[in-house]
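The structures come next, written out as structure tokens.
Two complexes, one shared chain (chain A), two partners (chain B, chain C).
Moving on to the complex of A and B:
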């Protein structure tokens, strides 16, 4: 009785003041999108399915940044540091231990934990040192750039961890794909249908989990800190702890992106922690609407697809377009283009039933 | 017994001596008003009590414990709460959420909704509960801010100009609310310019001038004090 009750309470947090979308219309649309996503591999060819996994891989980083920046009000410019650390850690562990007995799953967990640990150490220094605003952005950016530089100079054969060569600017390759141990034969999550479903399931779980988190008491305090940190503290909250926990969760998600990406392409390079890589997540999240998980997700997918289309068709201006898009967003819809549309639709949907009732 | 005590409290901002050796004692259960000309250091004294600024020297005792170096949130958890001079509400959040954030810390989850509704009713904000706090009228913002401070169920309530911008009716209602809280055992320290309001609520009045305690007494004693009238340049004689 008690158990089901608290479960219902928790599920009730799937919608709330901190998330756009509630009631039948939203969850119908959500179910439809999930159904379409599940059916997608039946219609698309292998390349497109693999490409979609690539998009999904980045979504975790986007959601994490939405949590840290959009909900918590802290602009981290260096989420790629956690992406890279987790990616390289996955490479080192999985190259050394192989992919039998579910060891790649262990590598995934350990790598995400490594990213979370780095976030805990860095975040402790930042938040307990009361560093905020633009300085926090500078410090996080510096961290990712330092890591990039460091990894770039590991070309020599002496830079190895066991069997894993770091390989400098060319990047580390040859790590096994994620593999789920299964009776009879293991399921190798090679860029293909299985990996697609695995990543999709993980993405849905993270999205829903984050919805619950931001609508919980924790989420209430988090947005209060974004709005007015001093007031939040004067209501008795140790805001440093909230900011730190948020930073760790968001960075662990960036780490998850890193592991999935590395396992997807069996490859990771220092450039994944470079300036360009660090700036892009900010564009995805800002354009969609960072202060909402759904608009962040939609925005990130759209921008990623647009960016890829531009680069595939040989445009050298893809990055310039990204920059222009960011500027445009800031000017037209500072809270995000998708967010602006979303609130418009939500307003229309919510108005209708009221009129009928009256 | 003093609920709050400052001992030789000093605060310098660069070359500016804003709090000048203040020895101040606030008795448990009293409503104490802090008055003084603009820039006298009233808000700064509040910030020192709250830990937002650390004093250059001196000591702050709360319920007999030294809290001079305690973090702000620790002081709040010990039972101090504040309504700032400039309302520090969460503008982009709804009125209800503002109160929820203030209450959820100490209120058992099962009672939270009822408690918020009661407080909304009390603040006359029930109608406006789904509005964004930033869209409230100035007076309503003040009420919300007071509601958030009261919602913490403090033992010591600090009010920095609670009635600024309120209509006479609202001011009177605020006075009644402060007195009701006080009857329930809350000690109140209020900065106030409105001398009618001070007369309505204050058991005791302290005048701050250039960061120092200039005079202390009942409202009648203070109003009768010619030295006090002089520093206000006739201002305080409105009462």
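Moving on to the complex of A and C:
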């Protein structure tokens, strides 16, 4: 890059060694996809558009897991814990303070911060205790399962925070949707076209931001730690700090998913932190190809769409198919189905493979 | 006298928690300690054992035979899964945990589809006895004896029998063991089967005390996970003492604040313990010895 000022340098990090896709073909395709996504509401009913925001809600959690698991090499199976904590926090704050003066935006920020704080506390014990590999996976999974059981028993009237009742297994409802203060009248983000554009913009920002992050010095160190923690440590990097920061960023993204989901459906239940809920992000990310942001995003969208279709046509078999898909991916294409396809296409376009080996 | 009654009550609850932790964790601990594989389908093997046990008991078999049938069925299922799914993944231990999670999803939902949302169980046998003002279930005492018996049998099995020696040799240096003529593939298969059978045994033993639902495994897995995490890789120096310590923690918190506090306390205790002893109790004991 010839860029002289720091902005150009930062933008140059949008493509680099840690992300698939660079050059004209990729960015033309990217622009096309964004244009199509922007044009979609022009051709569809507002109700359908609002429903389809559902898919975008989960994408943040998938991207965060890709960062933690794919780039950092840390198995976190409890991302749903942060999803749930942020969702419940949003509910409690927004029910108590209402949606005037942009307070829901404050609730959003506070909830994501709550998820990040929990991640920082948990991550401190895990990474500074040098817990690695499978143990990290099962401790994080245990955390989300215990949180689910805790929220499930809050049915009684004594479980309330201010005006917000937690409502046990039935879940918490009735919180206001996200509202953006605007001249004249506030924009309430009901599941409709406005929410669609809001979430889409947020998603594109997160996606591009993460691309810059993983191609920056931080991302390169992170991948070095994934490849060989000992070597990275010998080179003088404090791997615990890098892993902790990654864990916090990824968990904050899971929290963002939680807030958007809660605001979208005005509803959150303990089941969103259960065993099944915790498994689904693993499926999206593993099937897509966890070690790349783009393939993760595509994979998550495809699996979500497939899951949705299956739920409509044969609801009880959807989870069986998801489980089987996970097993098959691990056995046949350990780096992900979309990832394999992506490297193939990139190889054909550029006549040479982008990245080899893991 | 009241003090004595309270002490007995605390010991009984600790023993009960100890038995639950040992029985639900030892299958997981064997598979992890011997093969480095965390089996996330552990809860489903427990469910398998419980379902087979309940079905056999309702078909008229005496309860001990039904429990053994549950253990055998789970062990057989474990060997099949090891052969098909785990074996290609031995050099990728992190992927086994993901693959077994997939298995767990398929089995839980498959059971729900095939057998419905609940299954009729069998009543708890033996009735109860009274010490002072409280009454206690006899079957819980049987479970404590079963936990100790299982640990004893495993110890004998791994130190005194030919299979135990071959298994330990295979775990320590697989290539040398293979060169010396040990069928390491078979040893892995049997070890995984043994771990699954122990999970099935736990399911069978607890089947008379629980509601049988397809997701019942998740009632065991958190406790099993934390016991293995605290214990570390060795079942006798790790799992057993970890179960004792955690059992006492859980029993005191449960009697103080209720069952949920017991579980949360367990998890918090674990997170603090791994900060201090990252390799678990067994890692700590072994380092002290050398």
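Just so we're on the same page, the second predicted complex is superposed on the first by the 345 of 358 C-alpha atoms of A that agree within 3 Å, B and C clash if a C-alpha of one lies under 4 Å from a C-alpha of the other, contacts with A are read in each partner's own complex, and residues count from 1 in each chain.
As a working rule, contacts are C-beta pairs under 8 Å (C-beta built on N, C-alpha and C of every residue); 3 or more make two chains touch, one makes a residue touch a chain.
Computed from a predicted model, the values in this text were never measured in an experiment.
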Using the touch definition from the top, say if A:153 reaches chain B (first), chain C (second), both or neither. second
If touched residues of chain A are counted for chain B and for chain C, the larger one: C
For A:265, using the defined touch cut-off, is the partner it touches chain B, chain C, both, or neither? Pick first, second, both or neither. neither
If you stack the two complexes on chain A, which partner ends up touching A:142: first (chain B), second (chain C), both, or neither? second
Pick one for A:84: touches chain B only (first), chain C only (second), both, or neither. neither
Pick one for A:324: touches chain B only (first), chain C only (second), both, or neither. second
Once the shared chain is lined up, is A:289 touching chain B (first), chain C (second), both, or neither of them? neither
When the two structures are overlaid on chain A, which partner does A:133 contact: first (chain B), second (chain C), both, or neither? second
For the chain A and chain B complex, residues of the former touching the latter: 17, 217, 220-221, 223-224, 227-228, 230-239
Under the stated contact criterion, what part of chain C meets chain A in this complex? 32, 36, 38, 40, 85, 88-89, 92-95, 97-99, 101-110, 112-113, 215, 218, 221-222, 225-226, 228-229, 260, 263-264, 267, 270-272, 274-276, 278
Hey, which residues of chain A end up touching chain C in the complex? 75, 77, 122, 125-126, 128-131, 133-135, 137-139, 141-143, 145-146, 149-150, 153, 274-276, 279, 282-283, 286, 316-317, 319-320, 322-327, 330-331, 334
In their shared complex, chain A is touched by residues of chain B numbered 50, 52, 71-73, 76-77, 81-82, 84, 88-94, 97, 100-102, 104-106, 148, 152
